[in-house]
Structure formats: structure tokens, C-alpha cells
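Labels A, B, C and D are assigned to the chains in the order they are written; within every chain, residues are numbered from 1.
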Amino acid sequence: MTITVTLDRTIEHLDRGPLTRDEMAQAVARDIPDGSFVNLGIGQPTQVGDHLSPDSGIVLHTENGMLGMGPAATGDDIDTDLTNAGKVPVTELPGASYFHHADSFAMMRGGHLDVCVLGAFQVSERGDLANWHTGAPDAIPAVGGAMDLAIGAKDVFVMMSLFAKDGAPKLVRKCTYPLTGLACVSRVYTEHATFLVGGSGVTVVETFGTTVDELAGRLDLELGLIGS
Amino acid sequence: MTLIAQTALEAVEGIKDGSTVLVGGFGMAGMPVALIDALIEQGATDLEVVSNNAGNGDTGLAALLAAGRVRKVICSFPRQSDSYVFDDLYRAGKIELEVVPQGNLAERMRAAGAGIGAFFCPTGVGTPLAEGKETRTIDGRDYVLELPIHGDVALIGAHAGDPMGNLVYRKTARNFGPVMATAAATTIAQVSHIVALGDLDPEVVVTPGIFVDRIVHVAQETP
Amino acid sequence: MTLIAQTALEAVEGIKDGSTVLVGGFGMAGMPVALIDALIEQGATDLEVVSNNAGNGDTGLAALLAAGRVRKVICSFPRQSDSYVFDDLYRAGKIELEVVPQGNLAERMRAAGAGIGAFFCPTGVGTPLAEGKETRTIDGRDYVLELPIHGDVALIGAHAGDPMGNLVYRKTARNFGPVMATAAATTIAQVSHIVALGDLDPEVVVTPGIFVDRIVHVAQETP
Amino acid sequence: MTITVTLDRTIEHLDRGPLTRDEMAQAVARDIPDGSFVNLGIGQPTQVGDHLSPDSGIVLHTENGMLGMGPAATGDDIDTDLTNAGKVPVTELPGASYFHHADSFAMMRGGHLDVCVLGAFQVSERGDLANWHTGAPDAIPAVGGAMDLAIGAKDVFVMMSLFAKDGAPKLVRKCTYPLTGLACVSRVYTEHATFLVGGSGVTVVETFGTTVDELAGRLDLELGLIGS
């Protein structure tokens, strides 16, 4: 799938931003082409679903064995046999299908999904992803489907805050956390800006409430501009 | 030949100490709770458990762990908000852990059931979970060599079964059951319904009876 | 997004010269005859065809071969009582042949669809069909390394399809269709029935629509 | 699966034999344990099905995607979507199931079938099988499911005539025809005798219309006797 980028839009949006989480989810949703097959990772990426138009023809995959997943289930619609990968009860849309775990991950690994949206601890300029382990020596390792998702879609979008709590950038030259996947991320959505990564390095698509120069000052990276 | 057991305890009869036990389910969906409870009562110990998670709260897999019956867990995601039983055992060095990416867990069991000796997989390349494993570039892409995971026993949950052992599942409760059924020497299924021979449409059977050794009816809250 | 084509010719539009075309069916069961006829009309040539057989009589695959459109056949069993079109081309040195054990044919396409780079397979060890291939002993058993077979296009037959491209099959006409659908960049299915969205029970879908690019209704003699 | 051999029966049956093809099929059928999952190869092995008792609980697999295959279909029961591996129309028994080719061969390769019955050009004393290619230089090679079947059952039984048309034995020290599988055959059923092969060599289980000594004279093999 080719992601089409509109070249004539303003890169720096100083009138709004930083974006709220919901606005970030909206920004991601806007970039998912109609008719795509999409997997939304656990946590924040799940919110992207709220901004997908029902007539977009976008079909959601959940790695625990379903295509055509609908919104979260409430009240009488809750069925403990029907959950998303975060184990939250969900609903089924017309045209859905169920399959087992090996088939579900074969579908991902085989490159049949168009877009996967994930959270991250760090993303590197070449698109390496670190999102499964902080590297803390006492942490109990747990990977779930993170590594499968990282390599399992034609495009991997990351949604994350641009800076960690200690102020360190999370978009970096080289990840210091244990990796989830190599050169797999194509886009990074943050509250301050949206970036393309991989290939020729980091390109700023849009900023929100900040200038590219300000961003460059806070990131230890070469920043290219979209369309330049 | 599939045995229709009268009780979950009868269904788990003969599971030996030291067995590798594949346990189905993803969260509670498809989790064979009655079979795990029966396994606790049956008494087999020194088990290696292969499952997506490592138990939640104090019941099911967590109870098996708490009873000290499990030597090693192979899973994709042990750490959860309520995985305190596993967490404590792990931190105390009382249980081994092999973390496997979720899709590799499924595919390695699929390989075991399908007679595949090993496979080159792109998942995890360049990550700590590929360390020490053979890698190879094929057609320009990097892969890690992954080995099958065979079970001595699989404990799975299904929606309905017939006297041939044919099984169907409900919605996302299907998850690991069909794969584990193929990967174990003995597959034991708890089913919400036992139906008569011929009542399952041959077109919709998900797990053919050849993979199922014993089934037992266990009333479940979902239909 | 699945396109519902109005004619078989529209369904096969754009197939390029030099393509690898996976063709479903086992005997006539599941054979996408209308799509093959359309491909002959469409005109693509220099094709590599992957199918279980290499054509029977003068129709379907045999007609495609007779039209001189096929450079190479990858199949398990070319030689049949009525495979004279293939036989003549082969004996005249006008067509290449790669014979693959039937299960390896299926598994190699499954690997292509599942993103597996290669797999160690016990089939054919020590036989002429393993010559020149890497072998390895794993856990005391010998295996041959087999590579995926990717298709540019798959032409398959199915019983019913919905506007999402979800497919179900009938009886043993299922055979290679579901596997080929996963292994090709573009999958085209001829179906006996097109049903409305929501008319296929999600539990019984065999090929999820994600694998299907175009479907076309073709009346067939079986229900 | 362990094949139980009755040790107290007479080995040499001089009162009957050589067996007809139908009697050979009957001999094979008698040795298939109740409740087995069985694949019958194309051709002569298919006849074994005629001698399996309906209450044996034996379930037939056909590699084109079915368990629970019934007898050949006739008249109105013929359905072109329902055939066996020989493309002969068959029927469906209660408790049947359908699956695709990859799943069907995974079932075989994974060792889930108990018995497979095949024809052969040659079988060696250690159980090597040659049944797909005569080695003739002008023959068009065609393997079908032969190699998958050879390695795909716990026990592989071969049904064949003991001698080729030119009189050469087909049970041999070493196959001269191209191989289908190594050390895969456990039993060989012929019109003159039934043999165990593999492991410790060739053992005569029963003879029909001939003595063990006569057989030994016609075969270039050491023959052991069952139970000895």
C-alpha cells in the first residue's frame, strides 16, 4: 500500500497543539486509506477505531482470531467468547470471520494487513521499534504479539508521546531499549508532530503548536521536511 | 477413537509427572478451567505448561502454578495486572520462563502438529528473543530458525463436540484450541455441548476428531 | 477491498505476461474453468502455472497449455489418462516441469501466504525429488529444506462469496483454494453464488475476504 | 500404534493361495485395528475399504481433504464436488469433516494417521518404498501424494504382487527403482505371503499356497519366521 501524502498542506500548525490523545488518534485515522485491513494495538492505538468512518470500508483485525471486529461491547452485547487482543469485550460486524491463532498470525506475518498501529517506548530514525521491554533488570519479560505485529503489516504506524517522563526524546538515532523489530515503522504520530521514518531518515509531516526548528532543537536528529 | 469422559477428572486421567501440557485459551475465552482444576486434583507435577498467559488471579492456571506443579512456563505474555501468582514464583526463582512471540507460539505448535522439523520465521529478527538462534537471509529478507513445540497433552475448551471428537468453537474462543489439538500426543477437550453423531455439519468442523482423544461436557456460562 | 466482477474476463483483467498463476482444483472439483477460459481470452502468456495436475482433455488448463501460454508447470501429478496436451508439449521440449509432492505443493504455498521463509520437511528425504536440496537431521529425523511458492495471481473456485470476499467451499472442492488464496498477490475466485453481506456465518467462513481481491459469479452444475 | 500379531496361527497355508486381489485386500483389512484412521492409496488399496466392517470404527481419510469418507457414490448420490484422491465420486459418512489441502497433508505429515495402504513397484527389506517412478528415461515424472503418504502414517502397509511380470521379485534387498520413501513400510501383503519388513529384516507372517522354503528359493533375501 502506498501512503499518499498531501504535499500542499501547511507543515507547521502553530494555532493548535500539542495534540490530545484523542486528536492523535484522529490524525492516525485520517491517514488510513479506505478499504484497508488494520490491526490496532492494545492501549492508546485502540482509540483510533473511534475515528474510523463506518463507510470507509476499513476492516479491523484482532490477532486473537477475527476480521470485522466492531466497537467495544456494552450491556447485553457483552459475550465473554468475543474479545479483542486486550481482552476487552467487542462486537462483530457483518462480513466478519473467525479463525484460529496460527491462521491469524499467518495472516499478519504473510503481509496481508495494510496497517498496524502500535505504541512505543522508542522509535529510531530508520524505523526500528522498541515497545516490549524497558530493559529493567527486574522486569518480567512479556512480548505478547508485539514482535509479530511489528513485522506483520505493510505499514506500521506508531502513536506515542514524543518525550519520556524524564524529558528524553523517544524518537532517536538508535534505540537503547531492547528491540521489537528492525526497520519496521513507517510513521510516528506524537502530540507535537507527525514524522515519516525509515529509508532516508526522519521527515516532519506536520507539527502542532511548535515549529520544526524548535523540534530540531529538542531532538538529536536530522529532520527533513515533507515535500522538500 | 474419542472417549467421552463422564467427569473432568476422568478426562485428565493418566497425565504423567514431567509432561508438557498445552493449555488453550486467550484470557478466559477458550480457557479449559474445569480441566485445569481436574489436573490439580489429579496430581501430576513437574509440568511444563505452554499457554498464551501464565495465569490470572487465583484460579485456573494460576491455581496450578500456586500448587507448585509447574516447572516451566512457555508463553507470550506472563505479566498481567493480576498475574501475581506467576510473578511471585518467577521472582523467587521457583519457575522457569520462556517468552515466545505470540505468533511464533502458535506457529511452533502448528509445526509440531504438521510434521515440520523447523521453520525460518521473520518475527523477532534482531531482537533479544532471537539471540542464540540460527538466522538466515532468504530472498533478501532475514529469518530466525524456530523449532516445533510438541505437547504430551493438550487441554482445550470448545463449544460443541460429537462422539467422533469433531469440535467447533465460538467466536474468539477458538484461538489456540485448534492448533494445540494438532500438537499434542493426547488432546482433551471440555465442551459446552456434546451433540449426536451427524449433528455437526462436516463443512464447519474446525478440529477434526482425529486430533481429539477425550471430550467431557462442562456447562459454561456462554451459550 | 473485493471487487465483484461482472464477467470472468473482467475478473482476470491485468494479468501480466510472465506471471506465476496458481490454479485451484483437484480433478474437476474446485477447478475454476471459467477463469481459465477467460485467461485464454485475456491473452497473458509466458506463464508459470502451479496446480495439482497439468490439464485433462482439451479444456481448462489443457486448453491454456495448448494455446502455448505456459512456459512452466509446477504440479504433483501431470501424467493422467487424458493429459495428452501436456504430454505432447513435454515430450517436444516445449514446456518445463517441476514435480513437487502434493503435500509439499500445499505446504510451500501455505508458507508463502504465512510469511515463512523456508521449512524443513520430512517428505521426499532420500528420493530423487530431494536431490540438490539442503537436508538436516533434527531431533533424530531427516528433513529437506523447502522454499515457499508465491503466486502473482491465484484463480480458484468456491461455492459462495460475499461482498467482503469471504468464501466458503463445498465438500472436497475446497482442496487447494484456501491455500492458494493466501499465497498470491491477487486472488480471483469464481463462485457459484454471491450472497449478501452478513449472509455467511462468520464461524464458517473458510477464506476470509482479506485474501480475496475479485469474485465473479459463474453458474456451476453442482449446487 | 502397535500391530498385534497372533503368534499361534499357522504360518504356511498350503490349502489356499495364491490369493486373489480381493483376498489380499481382505488380509489387509483384517490387520487394521478397530478405530484406526486410515488412508487407502489409489488403485488396488482402495479395495481394502470393501472389507472394513461398519462397526469397526475405522475412519477413512482422503488426502484431497476429508475424514469420514464413505463408499463410492452411485446414481443420484454422485456429486462432482465429492471425490476421493483417485477422483472417483464417493459418499460422506456421519461424523465426516472437510479441510483444505495444507491441513490435510499436515494431518498426514504430522503422524496422525494410523495406517496407510499403498501399492508398490518394489519394497526393500528395510522398508524402503519405490512406487512412483519406474526410472524409464522417457517416463513423465508424476508423484502425486505418494511421498507424503509414504512418510505420513504410523504404519505403512504395501499391497503388491510379489513378482514383476518378468518374474523378478519386488521384495528386494535394495530398491533399484527411484525411491518414494526411506524405511517407511512395515508390512507387505502379496498373493503368496505376508511379510513384516524393516528393523530386523524380512519376516514371513503367513504364506498362501507355498512354503517358506519355496519362497526363500525365489527371493534373494534372508527370511525370518514370525514368532521365532
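One rule holds for everything that comes next: a contact is a pair of C-beta atoms (placed from the backbone, for glycine too) under 8 Å apart; a residue touches a chain by one contact, two chains touch by 3 or more.
This structure is a prediction, so every number in the text was calculated from the model and none was measured.
Between chain A and chain D, the least number of touch steps comes to 2.
The chain with its CA mean position farthest from that of chain D is A. Centroids of chain B and chain D (each the mean of its C-alpha atoms) stand 35 Å apart. Between chain B and chain C, the centres computed from C-alpha atoms are 33 Å apart. Between chain A and chain B, the centres computed from C-alpha atoms are 30 Å apart.
Contact with two or more other chains is made by residues 107, 110, 114-116, 121-122, 169-171, 202-203 of chain C. Multi-chain contact residues of chain D (touching two or more other chains): 66, 92, 98-99, 106, 108-109, 151-152. Chain-to-chain contact here is organised irregularly, matching neither a line nor a ring nor a star, and falling short of all pairs touching.
Pairwise, the chains that touch each other are A-B, A-C, B-C, B-D, C-D. Residues 1, 110, 112-116, 162-164, 166, 182, 197-198, 200, 202-203, 205, 208-211 of chain B are the ones that touch chain D when the two sit in their complex. Across the complex, chain A is touched by residues 26-30, 76-79, 86-87, 90-91, 97, 99-107, 109-110, 121-129, 142, 169-179, 206, 221-222 of chain B. Residues 62-66, 79-83, 87, 92, 98-102, 104-106, 108-109, 128, 133, 138-148, 151-152, 178-182 of chain D are the ones that touch chain C when the two sit in their complex.
Taken together, the chain D residues at the contact with chain B in this complex read 34-35, 37, 57, 59, 61, 66-68, 92, 94-99, 106-113, 151-152.
Residues 107, 111, 114-122, 136, 138-139, 141, 143, 147, 168-171, 201-204 of chain B are the ones touching chain C in the complex.
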